[in-house]
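Two complexes follow with chain A in common, the first pairing it with chain B and the second with chain C.
Showing the complex of A and B:
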C-alpha cells in the first residue's frame, strides 16, 4: 500500500492523496445534504400544508414507540428459533437417510411455496379448527420461525458445504466420529460463514414481524394502525411506525457491520 | 508376490510388517486407477512413493486410511485388517473399523488442513482428548513435546492463519504425531510451499525417518528420498514397476520406465 506511510507534504503523492480525501469528503457532504433536503423537505411540506397534527404526534408517539419493544422481542425470539430449525433442516437436507431428507425437503418446499401471511393465519386461525389453540404472540413467533427457518435452511446448507473438504478429511484422518466432526470442526466454521446472512435475515424479520399485527399482537404496526384509525390520523401514525422500522433496521445493520468487522479482524 | 527388498545396511533396524495393503484396486467410474497394489511396510520403515502425475500415488495413500474406499483388497495396520467394501454398504461395523484404521494412522496433507478456528494447541489436543480420551493435561504435555520436536514451541497459542506455510505444515505433522499413530502418511507435504519453506518441513520429516517413525511418503523431492527413505517404490498406471533402496532406485534403476521417469524428472 502506497498510502500506508504518509507521503511528505508538497510531494506529488501527497497532492494526489489530498485531492482524493477532499473528493471523498465532498461526496459525503453532498450525500448527507441530499438526505436532509429530501426528508426535511417532506416533513416541512406536510407541516406547512397543515396536514400534520403535531398534537396527535406528541400524544400518541410514546404509545406507538412502545410497540417497537414487542417487535424487537418477537423478532429476536424468532431468529433464534429459526436458526435452530435451519440447523436441523440443513442436516436433514444433507442426510443420506431418505426419511429425514424427505421431511426436511418437504418443510422447505412447503414454507417457501406459500406466502408468509398465509402461514401466519394458518397457525392462528386454521389450527384451532383441529384443536390447536395458540395465543397470538406464540402464533406469530411460530409462523416467523418456521418461515425463516426454511429459508435459512438453504443458507446453512450452503454454509456447511462451503467448509473446505480438506477440513472434513483432516478430521476423519484423525479418527473423529461423524458427530464430533460436525459439531467441533464443520459447524463452527459454517457458522462464521452464515453469520452475515443471519444478520440480514434478522433485519428482514424486523419488518416482516409487522404481519403479526393481523393477529392483534400489540407491536409497532398494530399500535400505529389502532390509534391512527381511532383518531383519523393514519398519516401521522404510519409515519411514526415507518420511522421506527427504519431506525431499527439501520441500527441493527450498523451493529451487524461492526460485528462482522470485529470478526474479520479477530483470529479466525 | 514381491517380497520387498530391504536396505542391506539399514534393514536391520526394521521390525515386522506393521502396515499391509494387499491387492488394492481402485476404479473411479471406468477409470482403473489402482490395479492390484501389494505394499507392506515394516515397523520403523520409511517408504517413498514416486511416479508421474496420475500414476495413482495419492489414491493409494488415501486408500490406506480409507479416505477413498478401495474397490478391492484389504488394509491391515497393527493387526487390524479391514477389507474393501466396494458395494458401499457402509455398515456401522465397517465404518467403525475404518475409524480404528484412521486412529492407527496419521495423515499429512498437501494443503495442511489445520482447523482455522482453533489455536495451534487446540489443533493438537482435539483428537487425543476427544477421540482417544487422553486426559487434557497429558494431551497438552504431549502436544508441547511434539511442538518442540517440530521447533514451534513459541507458536503454541497462535492461530493457523498467522503461520507461514512451512510452520503450518510442521504443526500438521505435530498434530498427526499427537495421536501416536503406527504409521504416518504424507501426500506431497511440501508441494504447496514456497521453495524457501520446503527445507524446514523436509528436515522435520528426515528426523522422524531417522528416529524410526514408520511412514509412507508421496514425494517429488528426490534428494530428500535419497536421504530419508529405506525403500523407494516407483508406481506407474496403478502398478508397482520397481522398488528398492534409494541408492539403487534413484541412481541405477533396472526398469526402463523408472529410468525414463528419473531422466525426465531430473532434467526439469
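Showing the complex of A and C:
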C-alpha cells in the first residue's frame, strides 16, 4: 500500500480500505476456525463416546455413496418436470378462463395441502387399487415433480407478475400478439427472477428425495438404513448418508451462487 | 468453567433418571419386528396353518409360469435385513440362506433369479400388483395369510425364541418375573434387527425381544449383547409365497413346490442349511410329519 510518513489527504481512504480488508480477513479466518472447531469437535466426540466402527465405514461407504447417483438422478429429472408443471400451472393460475384457473388452483391447493410422504405412498401403494401400477422410481419421480410443481407454480406466478408492466405495454404498443409477448418479452425476464428460487427448490428436493427410500428405491438413505440395520450400525450408516447429502447441497449451493452472480450482471 | 444452575439441575436429573433405570425392574415390554408372526403371537393372534397338497393344474396357458419362462427371470422379493437368511455385501450383491434357496429354485425352473428388497410389512401386506413374482423370505404359513398368499410346502423350519439383553442379567424364563405374552405389551420396530440394535445402543424401554432362533444366533455371533432364553416358543413352518390376488399362478406354484420337494429329497436344502446355520439342519419337519 502507500507509505504514509506524511499523510496525504488521499491516503486516508486507502487506510480505511486497508482496515476494512483486514477486518474482513479476520472475520473469515474466525468463521472458518469456528466451523473447523465445531465439525472437528463433533467428529472427535463421536469417536470418543459413540463407539464408532471405522472398519464398518470403510467397508460400506462405497455401497452407500453409490446411492448418491440415484438421489441426484431422481432429483434432476424431477426438477425439470416440476419446472414444466409449474410453468403450465402459473399460466392457469393467471388465466381469465374460469375452468383453467379452477383446475390450476385446485392442483396447487390439493398438493400444498397434503404431505409429500402421503403423495409418495398414494402413487406407489394406493393407485394400483384403481389399476395404475407404477414401478418405484417413476412413482417417486412423479410424486416429487407433482409436489414441487405446485410450490413452484406460485413462484412462477410471482415471477411473471414481477416483470414490470411497462415491458408488457411497450410490446403491446408495438402490436405484438399476446402469445408472442409472453414468450419473447415476459417469460425470459420472469425466468431470470425465478432461477434463484428454482435453485433453492432443487437443494430441498435433493433432501426430500430421501422419502423415495420408502419405496425401496436404492438411493442414499435407503442404502444407509439397509446396511445400518443389517450390521447393527445405524449411527455410522446415517452419518455417511447425512454427510453426502450435506456435501451435495453445499456443492449445488455454490453452483447456484455462481449462477445468480452471472444473472445479476444484466441488472446493472 | 462456570456451570449455570439450570444446566446443573438438568444434568443432575439426568443422572438420577439413569440411576433409577438401572435399579428398576425389567420393563414389561417385548420388542418385535413389524408384521411378524412374533407380533401376532404376543397379541394372542398367532394361528399357524399348513398348506394343502398342491396338484398340477390342468392347463398352464396364461399362467405366471409362462410369463417367468418367457422373461427368463424369476423376480424374488426379500427383506435383506434378515441375516443370515438375506443380507447385502459391500459390493451390493445378495447373500444368505433364502437367497441361495431362491437361486436354486430359479435354476431348477431354468431361469435366473432377480432380487429386490422390500420391507417385510410391504411383502406380507399382499397385493403385489405383479411388481415381483414370489417371496422367498422365510414366511410362516398362518391362517391370516392364506387369503393373501398361496404357499408351497415348507422349505425349512425355525424355532421362535425369546432373547434378553445381557445387561438385564436375565438368563432363563424364571428370572423374568412375569408371564409372556399375558403381562407384556409389544413394541414394533421396522425389522427384528432394529430391536437388537436398540438394545445394543443402550435404549432402556425394553430388554426382551422375540425373533427367529437363527437371527438371534447370527446376532450373538456378531457380538451383539443379547442371550437366548429358554426353550423355543413355537416352531415356524417357512415357505415360499405367491400372490393369491395377482395373475393366475397355480402352475408356477406347482413347479416351485416340485422343485422344493426335489431339493428336500436330494439333500440340497440340508447342505444349504448346514452352510448358513452353523452346521444345523433345519430342513427336517420337527413335528415328525
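Throughout what follows, the second predicted complex is superposed on the first by the 253 of 268 C-alpha atoms of A that agree within 3 Å, B and C clash if a C-alpha of one lies under 4 Å from a C-alpha of the other, contacts with A are read in each partner's own complex, and residues count from 1 in each chain.
The rule we apply is simple: contacts are C-beta pairs under 8 Å (C-beta built on N, C-alpha and C of every residue); 3 or more make two chains touch, one makes a residue touch a chain.
Nothing here was measured: the structure is a model prediction, and the numbers come from that model.
Colleague: With the two complexes superposed on chain A, say which partner A:40 touches: chain B (first), chain C (second), both, or neither.
Modeller: After superposing on A, A:40 lies clear of both chain B and chain C.
Colleague: Which holds for A:62: it touches chain B only (first), chain C only (second), both, or neither?
Modeller: A:62 contacts chain C only, not chain B.
Colleague: Given the touch rule stated above, what does A:102 touch, chain B (first), chain C (second), both, or neither?
Modeller: A:102 sits against neither chain B nor chain C.
Colleague: Who does A:216 touch here: chain B (first), chain C (second), both, or neither?
Modeller: Once the two structures are laid over each other on A, A:216 reaches chain C alone.
Colleague: Under the stated touch criterion, which partner chain does A:185 make contact with: chain B (first), chain C (second), both, or neither?
Modeller: A:185 contacts chain B only, not chain C.
Colleague: Which partner does A:173 reach: the first (chain B), the second (chain C), both, or neither?
Modeller: The answer is first: A:173 touches chain B but not chain C.
Colleague: Between chain B and chain C, whom does A:115 touch in the aligned arrangement: first, second, both, or neither?
Modeller: A:115: touches no partner chain.
Colleague: Which positions of chain A sit in both the chain B and the chain C interface?
Modeller: Shared contact residues on chain A (touching chain B in one complex, chain C in the other): none at all.
Colleague: Tell me, which parts of chain A touch chain B in their complex?
Modeller: Chain A residues touching chain B: 164, 166-167, 169-177, 180, 184-185, 188-189, 192, 267-268.
Colleague: Where on chain B is chain A touching in the complex?
Modeller: Interface residues on chain B, with respect to chain A: 65, 67, 99-100, 102-103, 105-107, 109, 111, 113-117, 119, 126-127, 130-132, 159, 161-162, 172, 175-176, 179, 185.
Colleague: Going by the contact rule at the top, pick out the chain A residues touching chain C in the complex.
Modeller: 59-60, 62-63, 66, 128-129, 133, 135-136, 216, 218, 226-235
Colleague: Can you check the complex and tell me which residues of chain C touch chain A?
Modeller: 80-81, 83, 87-88, 90-92, 116-119, 122, 127, 129-131, 190-191, 193-194, 196-197, 200-201, 219, 222, 224
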